[in-house]
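So the structure is just underneath, and the comments pick up after that.
Labels run A, B, C and D following the written order; every chain starts at residue 1.
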Amino acid sequence: MTALDMSVRIGSLVMPNPLMAASGCFGYGLEYEDVVDLSTLGGVVSKGLFLAERQGHKPERIAETPSGMLNAIGLQGIGVHRFISEKLPLLRERKARTIVNICGTTLDEYVEVARILSDAEGVDALEINISCPNIKEGGIQFGCSLDGTFSVVSAIRKVTTLPVIPKLTPNVTSPASFARAAEDAGADAISLVNTFLAMAIDVEQRKPKLSNVVGGLSGPAIRPIAVRMVWECRQEVKIPIVGMGGIMDHRDVLEFMIAGANAVQVGTANFVDPFIWAKLLDGLTDYMQRHQITRLADLVGALDTTSPAKAHA
Amino acid sequence: MPPVDVRATVISNVRLSRDYNVLTIAAPEVGALTEPGQFVMLKTTDASDPMLRRPFSVFEVLRDDLGTVRAISILNKRAGRTTGLIYGLEAGDPVWCLGPLGLPFNPPSSGAAWMVAGGVGLAPFATLAEALVALQVPTTLFYGARTADELYYLEFFDRLGVTLVLTTEDGGAGVQGRVTGPLEESLKGLGGPNLVTIYACGPEPMLAAVARLAERYGQPSEVSMERTMGCGLGGCYSCVVPVKHADGETRYVRSCIGGPVFDGATVVWE
Amino acid sequence: MTALDMSVRIGSLVMPNPLMAASGCFGYGLEYEDVVDLSTLGGVVSKGLFLAERQGHKPERIAETPSGMLNAIGLQGIGVHRFISEKLPLLRERKARTIVNICGTTLDEYVEVARILSDAEGVDALEINISCPNIKEGGIQFGCSLDGTFSVVSAIRKVTTLPVIPKLTPNVTSPASFARAAEDAGADAISLVNTFLAMAIDVEQRKPKLSNVVGGLSGPAIRPIAVRMVWECRQEVKIPIVGMGGIMDHRDVLEFMIAGANAVQVGTANFVDPFIWAKLLDGLTDYMQRHQITRLADLVGALDTTSPAKAHA
Amino acid sequence: MPPVDVRATVISNVRLSRDYNVLTIAAPEVGALTEPGQFVMLKTTDASDPMLRRPFSVFEVLRDDLGTVRAISILNKRAGRTTGLIYGLEAGDPVWCLGPLGLPFNPPSSGAAWMVAGGVGLAPFATLAEALVALQVPTTLFYGARTADELYYLEFFDRLGVTLVLTTEDGGAGVQGRVTGPLEESLKGLGGPNLVTIYACGPEPMLAAVARLAERYGQPSEVSMERTMGCGLGGCYSCVVPVKHADGETRYVRSCIGGPVFDGATVVWE
């Protein structure tokens, strides 16, 4: 059997496989070094970072919902400087491809954080979080406006040669139009989806389950919507798409890729099973062998819409 | 030691009452690594509803006659969905068990150990008591429950040589009232600071009261905190506890990796 | 114990309880007369009706997803005339409060269907479906534009004295702005949410699971998003809100009401358990008794956001 | 008769092969109402993943010595999630069973009955055979499977006095090839039209072939159609079959209430 090629390229970032750990779901990566060899992942996306340290929201910060979970962590984080001094050297040692998820409350903060990270050694790409639904100042005002998206991405584009990957919100009428704005602004790829703005109520106490009242819905519940958005964006832009939302096994990875994603991120599933990574790789390998596919990239956008799948084949 | 994930089989499920049960599962790989105070993350289905695992203290590490670890048990109290499912499990059912996780209790820094348990907070003390007894540390268990029926495993602790001080809210056994009552009495009787190490597990108001009493009487305390946990490995930041740091600042610490056991003097009680 | 009052009023429509069968999930009501006394429901919302008969999409029309399902039925239906002659008399006999879900491909068709139904005997309210994601001509062009929503609702308002309840789509950035447009146009209430545009792929066959490629996601998966939207709309408008999306038991009914819904609809759950109605009523009764609530309406919008619920009470 | 919904308990689960099993559940309320060809909607969990029920023919209606209905059974073939879960059930597990649903087979309009089963399409014919035998209708079962191992319950039909005509794709038992082969041979041998009523259940290409053969040889046919079903009660419109109506128009008919049994001559095959 010929060697199986699962590689993905996003600008200067070359990954051996399309499996990335999603931001906010994998700490700073190092938390997981005991359970998975970080170098075997396509990439590790850090928790969202502002310029300064942040404490985040009070508990309760998560709540489980049917096939999903709400979170309103509020971007607790160590800030970009401590990240560079404390985490980056260790991530380099472990040969992790490190994508930093960056946040800002102002355009200037985004640019500043991007600039600082571009000067640091060991950052492989920047994911621009303009889509966190949980904090008012978390860039969502950029992510929900086409002009805002365009201006953040083009401002960051000017100060870095790193791959720039804006992460889009699903909480808009047409994510594809945001994909277009991002591509026009010079993005190397787009990530989607961030979480869906949602809430849950404890009816006995008549209070919200989250201290922040609303939070972001992730997990398999959202997968069918996320896949649809990836598919729509695939028709709209040419740049790579990093798809995510509820991936729980290798079939879900393939679903996103066939819909049009070049790479994927796994978030919530990692909580359920931190040993998922090897299983995903095995599943992809098996699929490629069974279907005699040597380049996984050939599957990207390969959906055949001429007829539906046979239900009872 | 890195945790392991085992699809374990239920060996037995002993229902102690309408809400409490002891679930024994064949997860020797986990048991062999577990230190007192550590926990596991359990799931009763591989479907996505319910989806997330739930944290449980390792109650017993069960060995065969040759001392080889064969199983672990969990002292479970029904509180919601997963604890309800765990209550209903039968021998042969699968359970997904990830662990051991978290920081264990530290050995006592003083001559005696007092364990303070409220309700299901008894869970981490079976293994801790065994370890303390093996270290020949004189050990007392202050144990409070609502009623006499809900005081479990007394014989187990008795057999180990642990001194039992019991309380019930209705006075059905031991002293009537909260467990902090007799604890304070005993603290008053101590000759000075740093004579006992206090270990506590139970509802948060109890932990806060114990930590304050320990501080007032100059004894070190370790509290095992209960938080909603999404991952158990430091990935999600759901489980934070506000902790006063050496620099005087209060910061949120992830209790799954910076706990669940905390120095009672550093926790900022809300 | 005092009598428990669960009644809800929407204009001239008075319902004994807030439990309505959602459109498209209960046939024309009569399919269920063997399993539930239709008069015990707050109301029965008919399957979406155009002026003429429609065949709908080819199978596959549904696909299951985690805690949810996709549907692209394509509004198969008997048309408004056959509905009036064949179904309405029987619904009247069974004392069902009948809300007709109306569709149109043009503004004129909506108005025409509304006019015809207003002249028929036994129609208690009109639900205006401007939110079906499954057919291109299904009014979604009205439902995704504020002007379109305003003009459909005000045009129908002019030709009928029946309660007019536009049904909003969740596939927009701000459902609350559509709620406002509907209220401004003279709607008596709003219904939300319709289904989320979504898709699923059979990765072995690399084909969509639905013949229509995309479909609408319903079921408990969407509930946290739907509750959030109801809550946002409650801040925006004064008219009654009919909330729905993933209600599976009486706690979910209460969750929607506490978030701001005056009544609710149950769709997908009815497929899982057609005997759900009595269980919902029992659950509400028990809750009211335990919490000493005599008027269920007092719970509407009663969410206390000053602090989150205690997780481990 | 209105259907009922029962939280039934699994009495036994006999695995016939790696893919097939016969699940017996204590749902006498459903069994007592069932007519041959009707189906039930089953679910193995009250959680929401998997969420929807799945349709299954009632295979056997099981009675005690006094003739009282005690249980029903399902002939299950693993095809996906729920059928996989059903394959794995153990005695004592719960199953939610809604039924009976759908239109049953009609009594034969001619002197003899031929049942044509492909694979798991055998399911509705155990109860139909019993009914036909009780009516003293001479009955033949044409039954095709991939291999001899996958021909089940032959003795059951034999004991009833049903004539068996078997086919396997590999020739391991009976005639090699498809079940439509011997069926056509037998049709050729008939003396004229309307002499036998043909009942068919199996994969859609087989049903189409059977219906066409029946038409060609002038015999009436009834086919049990398999469709993805969301509700089983006419609520969702997921399960439609294109049917030629008396007015010459083809319309989609919901197979859960307008079927699953259709007049083979009216179905528009795709």
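Keep in mind that, in the parts below, contacts are C-beta pairs under 8 Å (C-beta built on N, C-alpha and C of every residue); 3 or more make two chains touch, one makes a residue touch a chain.
Small disclaimer: the values here were computed from a predicted structure and weren't measured.
The greatest centre-to-centre gap from subunit D, using C-alpha centroids, is found for B. Rounded to whole angstrom units, the spacing between the C-alpha centres of subunit C and subunit D is 36. Rounded to a whole number, the gap between the C-alpha centres of subunit A and subunit C is 33 angstrom. Averaged C-alpha coordinates give centres for subunit B and subunit C that are 47 Å from one another. Residues of subunit A found to touch two or more other chains are 59-60, 66-68, 219-221, 248, 311.
Residue positions 48-50, 228 of subunit B each touch two or more of the other chains. In terms of inter-chain touching, the protein chains here all touch one another pairwise. Taken together, the subunit A residues at the contact with subunit B in this complex read 24-27, 31-32, 34-35, 47, 55-56, 59-64, 66-69, 71, 73, 76, 219-221, 248, 268, 270-275. On the subunit D side of its complex with subunit B, the touching residues are 45, 47-50, 90, 92. Interface residues of subunit B facing subunit C in the complex, by the touch rule stated above, are 48-49, 79, 203-204, 226, 228.
Per the touch definition, subunit C reaches subunit B in the complex via residues 66-67, 220, 311-312. Of all residues in subunit D, those touching subunit C in their complex are 2-3, 5, 43, 48-53, 98, 227-228, 230-231, 233-240, 251-252, 257.
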